[in-house]
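The letters A, B, C and D name the chains in turn, as written, and every chain counts its residues from 1.
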Amino acid sequence: MSKGTVVLAYSGGLDTSCILVWLKEQGFDVITYMANIGQEEDFEAAQKKAESLGAKKVYIEDLRAEFVEDFIWPSVQGNAIYEDRYLLGTAIARPCIARRQVEIARKEGANFVSHGATGKGNDQIRFELTCYALYPEVKIIAPWRIPDFYNRFKGRTDLMEYAQKHGIPVPVTPKAPWSMDANLMHISYESGILENPKSQAPVDLYLMTKSPQDSPNTPDELEIEFKNGVPIMVTNMKEGQSKTSPLDIFSYLNEIGGKHGVGRIDIVENRFIGMKSRGIYETPGGTILLAAHLDIETFTMDKEVRRIKQGLGIKFSELVYNGFWYSPECEFVRHCIAKSQENVEGKVQLSVFKGHIYILGRESPKSLYNEELVSMDVQGDYDPCDASGFIRINAVRLREHNRLQGFSNSN
Amino acid sequence: MSKGTVVLAYSGGLDTSCILVWLKEQGFDVITYMANIGQEEDFEAAQKKAESLGAKKVYIEDLRAEFVEDFIWPSVQGNAIYEDRYLLGTAIARPCIARRQVEIARKEGANFVSHGATGKGNDQIRFELTCYALYPEVKIIAPWRIPDFYNRFKGRTDLMEYAQKHGIPVPVTPKAPWSMDANLMHISYESGILENPKSQAPVDLYLMTKSPQDSPNTPDELEIEFKNGVPIMVTNMKEGQSKTSPLDIFSYLNEIGGKHGVGRIDIVENRFIGMKSRGIYETPGGTILLAAHLDIETFTMDKEVRRIKQGLGIKFSELVYNGFWYSPECEFVRHCIAKSQENVEGKVQLSVFKGHIYILGRESPKSLYNEELVSMDVQGDYDPCDASGFIRINAVRLREHNRLQGFSNSN
Amino acid sequence: MSKGTVVLAYSGGLDTSCILVWLKEQGFDVITYMANIGQEEDFEAAQKKAESLGAKKVYIEDLRAEFVEDFIWPSVQGNAIYEDRYLLGTAIARPCIARRQVEIARKEGANFVSHGATGKGNDQIRFELTCYALYPEVKIIAPWRIPDFYNRFKGRTDLMEYAQKHGIPVPVTPKAPWSMDANLMHISYESGILENPKSQAPVDLYLMTKSPQDSPNTPDELEIEFKNGVPIMVTNMKEGQSKTSPLDIFSYLNEIGGKHGVGRIDIVENRFIGMKSRGIYETPGGTILLAAHLDIETFTMDKEVRRIKQGLGIKFSELVYNGFWYSPECEFVRHCIAKSQENVEGKVQLSVFKGHIYILGRESPKSLYNEELVSMDVQGDYDPCDASGFIRINAVRLREHNRLQGFSNSN
Amino acid sequence: MSKGTVVLAYSGGLDTSCILVWLKEQGFDVITYMANIGQEEDFEAAQKKAESLGAKKVYIEDLRAEFVEDFIWPSVQGNAIYEDRYLLGTAIARPCIARRQVEIARKEGANFVSHGATGKGNDQIRFELTCYALYPEVKIIAPWRIPDFYNRFKGRTDLMEYAQKHGIPVPVTPKAPWSMDANLMHISYESGILENPKSQAPVDLYLMTKSPQDSPNTPDELEIEFKNGVPIMVTNMKEGQSKTSPLDIFSYLNEIGGKHGVGRIDIVENRFIGMKSRGIYETPGGTILLAAHLDIETFTMDKEVRRIKQGLGIKFSELVYNGFWYSPECEFVRHCIAKSQENVEGKVQLSVFKGHIYILGRESPKSLYNEELVSMDVQGDYDPCDASGFIRINAVRLREHNRLQGFSNSN
């Protein structure tokens, strides 16, 4: 008798294929689920593979549009960035994938979900917190944290042997000496030879972006139009070409960014579980959007709102990195951030060239920029004498402090 | 009889030359003071000019080394950046200049200080708050906020006429259609034709950096060594050349950054007085240092310390931008930030190319990175089963929330 | 010819009566406006006085209900408290008063507003920022900042003389040796003999609360019911009496709090303009509500939402204290706080006795408290083994830190 | 052969006595360790009991003075308070106890430590994070999280039976229907009948404080003198009695606070593991100190430093509550807080009466309060005209916002 049904997040690769067979061995019915979030993949082949390995049912879901609209767009609104550098391309994909996995599990009456994430990483947390949040009664099978499993499969060789024994097609090309995770937003590379934080990343590692040394010698110039803090149109200013659907906009920005080598970073970051890890990322479209959104946001948002919103964005980024997309606090923060974006609209012109983005100009019907007010040539509705009082009052406290307690030294 | 002695921050230009003469007209003795903080300037000519215009005494002070050590270095430690983009090159120069001005005023028994900053900008505030903080009894003469002065000098033409009448040498080259402020850290450009936020900055505007389109086709690779969060050596990895004094390090980074077109930004920012203004900045060395420091800091600092310190750094940046370098709170924040840097040491390797900086690797005797612990291939002192408990406990709250209040919707 | 029409915030007292006459002297038409926000006042007498002094029109507006609903309620939601102690009773009254003043000015086509607030205080700022925010073109006449006025009226004697000369009725009772500001939420006392921060406040100063030494020896027990973070009913648990309208609820809490001597504080606070000032406040109803709201909020709100909301509440309090109720950032923060209150509902039982409030219990249909889960006697849906993993993972970082950098010392 | 040596945090009660015997049963040598942190306890009897049950060695350590100086004093400096209400009396005791436990383990060459904390609480985390932080290689035995143990001892009856079988003296008085934790700082009560958040706490529950209804009808008045943000002397202003050592000061404040019923709270709080729990606390001396410290701090600290320090204090409180006293971030925050206290000195006069504390006055050689500056009667070094400019400049942004985006509505 079956122990129950498991919905397995299946990649088509060696690991999750072994997990599929192993779960069946343990007495589970297995439904495989594969999300298309923009990674390069032969989904048809994967489907056949899953079926041939005994999957009771195979789901292949195109989540690209909802990934852009429900996950990338809120991240753009939040200027989401972890530890000042990482644009969270993997972190925002996980709740997107797990959300659908849970929907399938509920629909199929499955009590279990499973995944192939390792026991040291962030992804296990992101998957599972999403599952628990949206399906509190679910039981999660994480083979890489089950001693029976991980003691049996101590390395790739053990998996290969198991695969051969159980008719699992074995990869013919040798594995890259690092691991990789790809989606519409980015590709991340880590582990293997990248674990030495001093070793430079190989030049042929990058798949999504050209090397800036090989990229075109002429910039592309784009105009990105925003409304409510998200892009609604991108136009190539020279070629005149425009994109207007979220998926098209983001894909086009990836294309342009990739062509010009934009968005490569090599960082050491702090995982939620308290380890530092080294990762290489390329996020072409996301990097362009961050630059453009920062610009239009500052142009249209009151400075004090901006300051508060900046703090919320940092909080948002931490929550997302740590796997709390579906949490009351992240839902709250997303709501507040979205509220802050009501007037964030207008157009930003920028140039993309050799790995870098240059803002060229911006305009907006909602701008708080007042050219006359700020002008050095005309006075506008401004009396310079007011500044004297402003400064004097701001100095009240400083002068008192000097008199009564003194500055500890002059630097 | 003299109304007293004024120490005037003198630039040698038309405005402050007119102010010098005007102050004398008003009955003051005028001491001119000119700070060398790395701007291109003919200091000797300026000295002669001031003397010829009747300055009672002329001070020309080389503050470059203290500007780097006392102002740029703490900013590097704090990853100081205003509104996510501006590296504060002007903001940190002001307290450096005003500090010496006040020292001179005290030494000379002058009750007054004066400057040529305009009435709409940030600089007036930064100058004056520093003066009030360090010399609470000082009286400040800001001609551009005095109706008698600004009504008399409504535009450049009025200044020119006054200059001609009073034997002030008049500039022979036409003024650029924007204003500019230069120091060792950066050059800023604003006003004039740049006031239209949509107009693209002219390509020939930049003086400190080459255009990335014209910059070399081969990167330079640098290794920057940090201790206590500040650079103590920079080495050109190909050429083998090293710099070790603060001023030499920073100047060399400017040279390399400038050569490769690094650090150009075009932004709209929020002034302290509540206006939005448009500025173009180029900060070659500072931009390289920010990237390098971020990297070594994350490599060596505990993640939770980093999070708290990040908040302090944002606060620090706001304070500095607004002119509060010399305030009890900024002194407090600088102390805390410096404390956080005690273990921030090690070497960062990076490449500078076509306007962008690429981190290549890093190493440190104080790193909290543990290659074995994070490895995908060996277990290290880590039990993957622990992660299950970690996730389950983190989910307690999320599951309760789902059961009792529910998520408002699925996105 | 008239210089224009001024809407003067009129209190009926000596100062604003002199201002009324002085404004007429200066050539203005004066409309007086008096807000009833719950202070003890003979409004009819004040009306007559204003008319007799030549007010062109007299407005007396009962703002008590909107003061409670639009200003006190959002403060309750935000647990608004300045510098950990002051409940902002004066600060929230100012935008309420000025909002109506501006409405009247617009309706009457008046270009000017005026008030009697002093030049060292917070109130001038709160009034005027509200006016500028809601009526950007308004011109403000603040006589206590106009040299002609304040040099003429250097003390109370000058005002008395002026009053006698101009037929302004002169107060017959001597002025208390402090100043006072009263409204529905609180009474504040400051200046005069209270300016010495060491002098104890006189026992007979308080008007809104009994001395705890003289208050009843038997507590009152109340049940306060909240919805959306604001009270919708208060019931005296012994007497069975209930109140349900906002104004009735708040007035009743004032009555009970006042009877038991609740809400007296003696503090030194930091004014926006950078001075420290000493104030005595009594806020009976507000103090009860703060205690009750804190309790129901923690009972029904997720802990991480609470943490973020706590930060927003502190920000809100600063903004309100400084006079920024009507600012984009305060509007944004109020929106976010209100959002956080959607599930803050339920009943809190409490006892009021001798100056203190004791929470007795609470219940809520929306509580996130799960009695079974937390029980020491039953296991609930909780596996204690999970805690081991949780702790071990939380310790990863601490153990690494000890090994690689060490704690600086053992305390 | 022994499995090794365990240092067991021993209370003398039924639970840890059973654990002692059970650990021996499992093959461990057991050293008991009992910390005197001010709880009422017959330490001699406990020592004999432990010896009679086979403890290899018995440590009884008087940690009261170091508890006050190393843990309570930093909490006073930080105004430490969790979720606006809980003064952290248990949370700060845990690292104090565990620090010594680890010292003993190291000295005795013990690889193991053990404790009797439950699997749902915060204390297990606080104990263990301290142990891991200070002794990273230590192994922790937490019986209440070991299935063999907790399945064997499902309730008190099982423990009683085991006790009888193994010669463990069984308590003769019936257990209170709640659990209790006492130390010098506070007593906490929770679980049992208190688990229903609506049930009122029994009137006879409190051991450290008198009921305000039965407390004296005459206040005590105290003067507390601070230096570096910690009390250095307390004086009873009527009786003239003074205390000057940290332990004496704190004990005396407990005595006075207890006598007047100060510091009782009934709250629902959020545990680190994500549950809400209900607790009753009494913290007499700590509550007085919080009030006094808040007062002297605001009196002597610059307002902007205070604002930053307030945020650090909230962070500190969360860290301490969650068990991170010994963490790099908490060490960092403590350092920063201590830095902020350098000028926090002076005397606060206060009255303690019927459960409440009333600040009466304060004085300080380091105060930033300037009586002349703030006076309503004299002008001091202040020009009221400056306030006009200050307000006008602060309004620039608000007026622009109104013109360009408008306030969403008038409240």
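Odds and ends about this structure:
Assume a residue touches a chain if its C-beta (ideal position, glycine included) is under 8 Å from a C-beta of that chain, and two chains touch if they have at least 3 such contacts.
For clarity, every value in this text was computed on a predicted model and none was experimentally measured.
Common partners of chain C and chain D, by the touch rule above, are A, B. Interface comparison, A-B versus A-C: the higher count of C-beta contacts falls to A-B.
Chain centres here are Cα means. That of chain B falls 40 Å from that of chain C. Put simply, the C-alpha centre of chain A and that of chain B have 31 angstrom between them. In whole angstrom, the spacing between the mean C-alpha positions of chain A and chain C is 43. Shared interface positions of chain C, i.e. residues touching 2 or more other chains, are given as 273-275, 302-304, 307, 311, 324, 327-328, 367-368, 370, 373, 382, 385, 387-388, 390, 392-401, 405.
Listed in rising order, the residues of chain A touching chain C in the complex are 273-275, 302, 304-305, 307-309, 311-312, 315, 324, 327-329, 332-333, 335-336, 339-340, 393-398, 400. On the side of chain A, the complex with chain D involves touching residues 302-304, 343, 366-368, 370, 373, 381-383, 385-390, 392-394, 396-397, 399-401, 404-405. Considering their complex, residues 70, 79, 83-85, 99, 118-120, 124-125, 128-129, 132-134, 136, 142, 144-145, 147, 150, 155, 179, 191-192, 195-201, 212-213, 217, 219, 264-271, 273-278, 294-295, 298-299, 303, 306-307, 310-311, 314, 318, 323-324, 326-328, 331, 349, 353-356, 358-363, 367-371, 373-377, 382, 384-385, 387-388, 390-392, 394-395, 397-399, 401-403, 405, 407-408, 410-411 of chain B touch chain A.
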